[in-house]
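The following block contains the structure, expressed as structure tokens.
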Amino acid sequence: MGDLKNALDMIWIITAASLVFFMQAGFTLVETGLTRAKNAGNIIMKNLMDFSAGVIMFWMFGWAVMYGTSKLGLFGTNQFFLSGTNPLRFRNWMFQAVFAATAATIVSGAVAERTKFKAYLIYTVFISAVIYPVAGHWIWNPSGWLKSIGFIDFSGSTVVHSTGGWAALMGAMLLGPRRGKYVKVNGKITAKALPGHNLPLVALGVFILWFGWFGFNAGSTLSGSDARIGIITVVTTLSGAAGAVTAMFTTWFLFGKPEPSMTLNGVLAGLVGITAGCSLVSPAAAVIIGSVAGILVVLSVEVIDKKLHIDDPVRAVSVHGISGVWGTIAVGLFANSGTVRGLFFGGGLKQTGIQLIGIISILLWVCGTSFILFSLIKATTGLRVNEENEMAGLDVGEHGVEAYSGFQIFTTM
Amino acid sequence: MKLITVYIQPYKLNKVKQELFKEKIYKVSVTNALGCGQQKGFTESYRGIDIEVNLLKKIRIEIAVNEAFVEPTVQAIIAGSRTGNIGDGKIFITPIEECIRIRSGETGRKAIG
Amino acid sequence: MGDLKNALDMIWIITAASLVFFMQAGFTLVETGLTRAKNAGNIIMKNLMDFSAGVIMFWMFGWAVMYGTSKLGLFGTNQFFLSGTNPLRFRNWMFQAVFAATAATIVSGAVAERTKFKAYLIYTVFISAVIYPVAGHWIWNPSGWLKSIGFIDFSGSTVVHSTGGWAALMGAMLLGPRRGKYVKVNGKITAKALPGHNLPLVALGVFILWFGWFGFNAGSTLSGSDARIGIITVVTTLSGAAGAVTAMFTTWFLFGKPEPSMTLNGVLAGLVGITAGCSLVSPAAAVIIGSVAGILVVLSVEVIDKKLHIDDPVRAVSVHGISGVWGTIAVGLFANSGTVRGLFFGGGLKQTGIQLIGIISILLWVCGTSFILFSLIKATTGLRVNEENEMAGLDVGEHGVEAYSGFQIFTTM
Amino acid sequence: MGDLKNALDMIWIITAASLVFFMQAGFTLVETGLTRAKNAGNIIMKNLMDFSAGVIMFWMFGWAVMYGTSKLGLFGTNQFFLSGTNPLRFRNWMFQAVFAATAATIVSGAVAERTKFKAYLIYTVFISAVIYPVAGHWIWNPSGWLKSIGFIDFSGSTVVHSTGGWAALMGAMLLGPRRGKYVKVNGKITAKALPGHNLPLVALGVFILWFGWFGFNAGSTLSGSDARIGIITVVTTLSGAAGAVTAMFTTWFLFGKPEPSMTLNGVLAGLVGITAGCSLVSPAAAVIIGSVAGILVVLSVEVIDKKLHIDDPVRAVSVHGISGVWGTIAVGLFANSGTVRGLFFGGGLKQTGIQLIGIISILLWVCGTSFILFSLIKATTGLRVNEENEMAGLDVGEHGVEAYSGFQIFTTM
Amino acid sequence: MKLITVYIQPYKLNKVKQELFKEKIYKVSVTNALGCGQQKGFTESYRGIDIEVNLLKKIRIEIAVNEAFVEPTVQAIIAGSRTGNIGDGKIFITPIEECIRIRSGETGRKAIG
Amino acid sequence: MKLITVYIQPYKLNKVKQELFKEKIYKVSVTNALGCGQQKGFTESYRGIDIEVNLLKKIRIEIAVNEAFVEPTVQAIIAGSRTGNIGDGKIFITPIEECIRIRSGETGRKAIG
């Protein structure tokens, strides 16, 4: 019996981990499609390497920092290099490693089309080895300090998505915008669009991410015999769908036409939004959470891009950072399961308060460390490619390739 | 011999080809181009950000003909592409001094058709 | 024991549902690739929205109509908004929701390149809320009237595929052909090809669909401990493969060269064909069923496109409607399992007769309601975009985007 | 209990088989992307047909030859057409069929851009019906002669990958290089690059292959209750990642810039490398195995392409043949589990010796039979398309289609 | 009337367009081209194999103008595209014998602008 | 100064470039074009439906040369592209009135090479 249960858990977690792994393809496609053809090879290399180098760092250090024996609830101190032979540890490492890679890869889109490849490699080593694992320790290690005070983030709206989102924000800020993105006309800075080159790849990427998200959320039960697997999948589906619908109508209302790429972002916002509370909310709540996320993701661009002039080519900060915050707060509002009751289910503001503490702590930790990290890289190897390489494209400049050899592509920007 | 260079709306190409065929002008070369003219382009919004599209898709046609064919060719092009709206396009006529058929080495009027 | 069995069922059904979900990506790619570049963004939006809006409708109404307590075997009457907290219901809803979305999405390809986006949205709401669920009720609800008379459609050749196919047929008919598709030369109407723009996307889409179909058919056991899972997967594989082989040879024979995109359609025809009987037929029968489907899909174009002049850009009517009929009849011919014996296994014509009743009933129901629905839309918001938008492409006209920004694309049609 | 265990095995193996099936999409994309746009439709047809026709051959003959009752440990003699009704047999056939298809499909990339479609079809029938099943019989049939002497190839570095690789080598050799690949300048032959046309497809293909590889390796436990599933997935991940990292640095070092497409090949090399020993080695060993594979795959091109002038457009011989050899030897070096101890774990050279016997036997069998097969095809239908079709592209010449209709593609070669 | 054909570096197109606009030259046609000139191309390595890229990406502009506009147009183009480095590009001026606006049938100097 | 405009079969480009190089003509501009000529195109079947492909892929080359180079250029092009089959292509020679090198401002014969 116990054996069979273990076996069931094993195949469920490994299946789920495989699905989460596949999200790497989704991120690669979304980021490639939303940027220009001349940088496609570079985006691909970044995504491939934040996974490949990242997973090796997570094997050496990350897992130990995250799940090793806790020091004051702050970081782990043993199990480096995945020591030991317990089959459960391997299984769990696998599941956690693909989560770490997800956090790392979120950044590549925000810093796309202008970052030195070398600089990105350095960044990716540190987020996988230290920044993400510490955040994860606080929230998911049984002795983590945020866990102890009752912070809830079931599948990682904050741990994974906001962590990625805030690192992305720091990267995009310190890099500065792509050339041609903000133009000064009569003393006033206007944001210009630098359209992505391949919408079908973006769409495919979003579908792959959605597919992978079933593993992401339902796999976070960490058990194949958890009866919540069903409802988690349901709320994940509904929230993503609601995000698509409201994002579409928001763009329709604001810009006159239903905009495909923002609608696709709406799906992701809805999925990020439901991630923290997917085990605790009802289908109706999921529809609300997704709907709000879909609207927020469109509106936040008005601030981040048009007001703050932070150039985030794929909108990673909105999709992961801001929706991550919303999803984490939403636990405090809509949770309704077991002992956890959100504001709307008679639980008062207590849980929401705890959620806010968690959100702010992670924001400070990630922004702080990422700021230092990117600043150090800037001061040493440099963050940005030179103008010539940026104009000609990073594919030629950094990798000596053309992503679409033979195709006539009109590149003047 | 004249070289007739034409810019038209893309979706008029088939019509223009048909009109040319009626006049027994079978040899044309086509490239796609972007044009900026009276038709000022339009402002779109991409992901909520304005984007000015002031280079519109056009088709560029080159037709080399003997003098006698210039007028029919021009008429055929107009017949095939005029809508009366801005953006219909332009025809430019330039002189050709020599024309050579690579296959046979023929030159001049014999080579052009 | 019972708990473990439940858990096993849960992870199997959710895994299968995830695979079926992923078929949405497959449909999107196939339809995008088989149409022109200037409409790619529109196709994507349609596919995204028939899933997103559709799944929300299915949550609100569809499930209730399909699986609620039956009224005269015709439609369900309770469980709106997925009421209740039974984990099994969530699990089952998840599996059924992705099936509903499959039926809905079939239509988008047939009405591609000319339909108003708004009109499509309205259509998709109704097929997901009413048309499909009623069909499903008749056949899959334990009290459905077709079920009661012994109609068999294991995974939905009729319920899902023919339903989608007939709605597609009505849509394509009422819309009329794309401009340039049928040309009158010397008083005779000739069909012209408007070639699709991206064959690799079509191929990827077909592989994704095939992959998802393992979940579609083997998941329809609705149990992880059903020993038929193995053979169902085997016959699904063989039938799809046979469809590819015969479709290829048919095009080779008819048109002089083996045509890739029709061969890819042959796979889908083979898969649709085996869907109804996948739990009841032998591998050899599967090869025959797939082979016939592969030939039929090529031949049917001679009638639908060249004779009837119905413009179905991706051949959805042939692939889903006609192969669906064939697959459903094939149950009556080849079934050979338990008490169900087809004509070739000594069962006489009885089962085939029942199958025909089911096929015709669903055809009448779906064609009737779709005809009314599309006619109403036509009379109100209108079905077709105007000539200018159709020529320039729906991406610019309906969504204000270019799917392949920067690429030089030669569009004269 | 036994029932549940069976059910668990069933869903695990079928899930794994589905993942392995999906690798067909990965191969198609990798090969399509690494070759020129004018041959994309042809590559797709080859990949589709080696699966479709191959799987039907495997149903008719392949399985019987591989797993039927053994004749002298050389080949099987019964169970043609998958006779019998044992559910376990169907399940196992499914898993084996997708492996056979993997071996077959490896060849298409190596012979790309110049092979007659008809010739490829003939080849694919024979590799699926005879060449691969015999190799498989020797190693995986309980009575196979290599199995009896203790040869270990857990998931098929040799059985699947080297078999495919050697057949690819013979095909590429007998075909000769693509026009324009080797140019004689001043009496010296220089290799020229004929760049692939779609790097994003290659990247997606590699991610899909990696995803599928979890099924490939972890599914080879052939049991859902095998506790090794966890570590197998871990080492598969780490080896692929290590291959990417070292391949990248090798290209950086050799050619001055980190080259994306070779880095992507590095992943595949790492994955092929770990395949033989994935159940027997530690994570640290996996990192070493993958690292070596990543370096080897880059270096081997210096020999195969630049010295031997064998034109293998996608580097299938390096990725599958050579990494397969390395992976199989690595079992003899790094195995450390149960009774199997490699050289570095006190087992001496014995296992390595046995591994070498296996490697050489398969090399001789596959090269021998493939050489004869390709020579016979050459002598009868001919292997190569004519110059005109090669210049214009096989899509137009062999299939009468354009893969990217409307796109302006600059093809002069 | 003259036809001014220009080859420039792709990333200079926006600048050139701006300079032309300043001179009130609003009508231009653009195609993408590959050029081989003093700028000899470069050698890349693709998958470890040398690849000579001796056709570099260029933008080709055609501007038809009346005689009086030739000089300002040339100056605007130079202002917009000169960097002083090899690869800046070339301007070719050829005669136009006739120009026709398809929309209105106007010809000659009136039609060109 | 003359502008030599050439249409050739795509796969002849490399050969033509080599022949031009032999004659020390290093500067050329290339675009891809679709041509309709004696070579009537072909009828394909796409998904079982006829499709007339009457615009065939061609390469368009522009070469601006001084008078003395016209003949060698033409010969080199012919040497590189003639197969004797229909579809080999055409050469058109038109006059250039002025040529300007953007980088240096040089004009005329000095600028062209």
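Observations
Labels for the chains are A, B, C, D, E and F, by order of writing; each one numbers its residues from 1.
Methods note: a residue touches a chain if its C-beta (ideal position, glycine included) is under 8 Å from a C-beta of that chain, and two chains touch if they have at least 3 such contacts.
Model, not experiment: these values are computed from the prediction.
With steps allowed only between chains in touch, the distance from chain B over to chain E comes to 1. Interface matching across A-B, A-E or C-F places the copy of D-F, with more than half of contact pairs shared by residue number, at A-E. We define each chain's centre as the mean of its Cα atoms; on that basis chain E and chain F are separated by 18 Å. If you average the Cα atoms of chain B and of chain D, the two centres end up 51 Å apart.
Here the CA centre of chain B is 44 Å from the CA centre of chain C.
Along chain F, residues 31-32, 34, 45-46, 94-95 each make contact with two or more other chains. Counting partners per residue, chain D has 1, 4, 8, 11, 15, 195, 198, 204, 255-257, 259, 261, 400-401, 404, 407-411 as the residues that reach two or more other chains.
Here the chains touching each other pair up as A-B, A-C, A-D, A-E, B-C, B-E, B-F, C-D, C-F, D-E, D-F, E-F. Every residue of chain A that touches chain B in the complex is listed here, in rising order: 190-193, 195, 251, 254-257, 259, 261-262, 265, 298, 301-302, 305-306, 315, 410.
Chain B contributes residues 10-11, 13-14, 32, 44-46, 57, 59 to its touches with chain C in the complex. Interface residues of chain D, counted against chain C in their complex, comprise 1, 3-4, 6-8, 10-11, 14-15, 17-18, 21-22, 24-25, 28-29, 32, 40-41, 44-45, 47-49, 51-53, 55-56, 59, 81-82, 87-91, 93-94, 97, 117, 198, 201, 204, 398-408. Put simply, chain B touches chain E in their complex at residues 2, 5, 7-8, 31-38, 54-55, 58, 60, 74, 77-78, 81-95.
The touching residues of chain A, when paired with chain C in their complex, are 1, 4-5, 8, 11-12, 15, 19, 36-37, 195-200, 203-204, 206-208, 210-211, 214-215, 218, 224-231, 233-234, 237-238, 240-242, 244-245, 248, 255-261, 263-264, 267, 283-284, 287, 404, 407-411.
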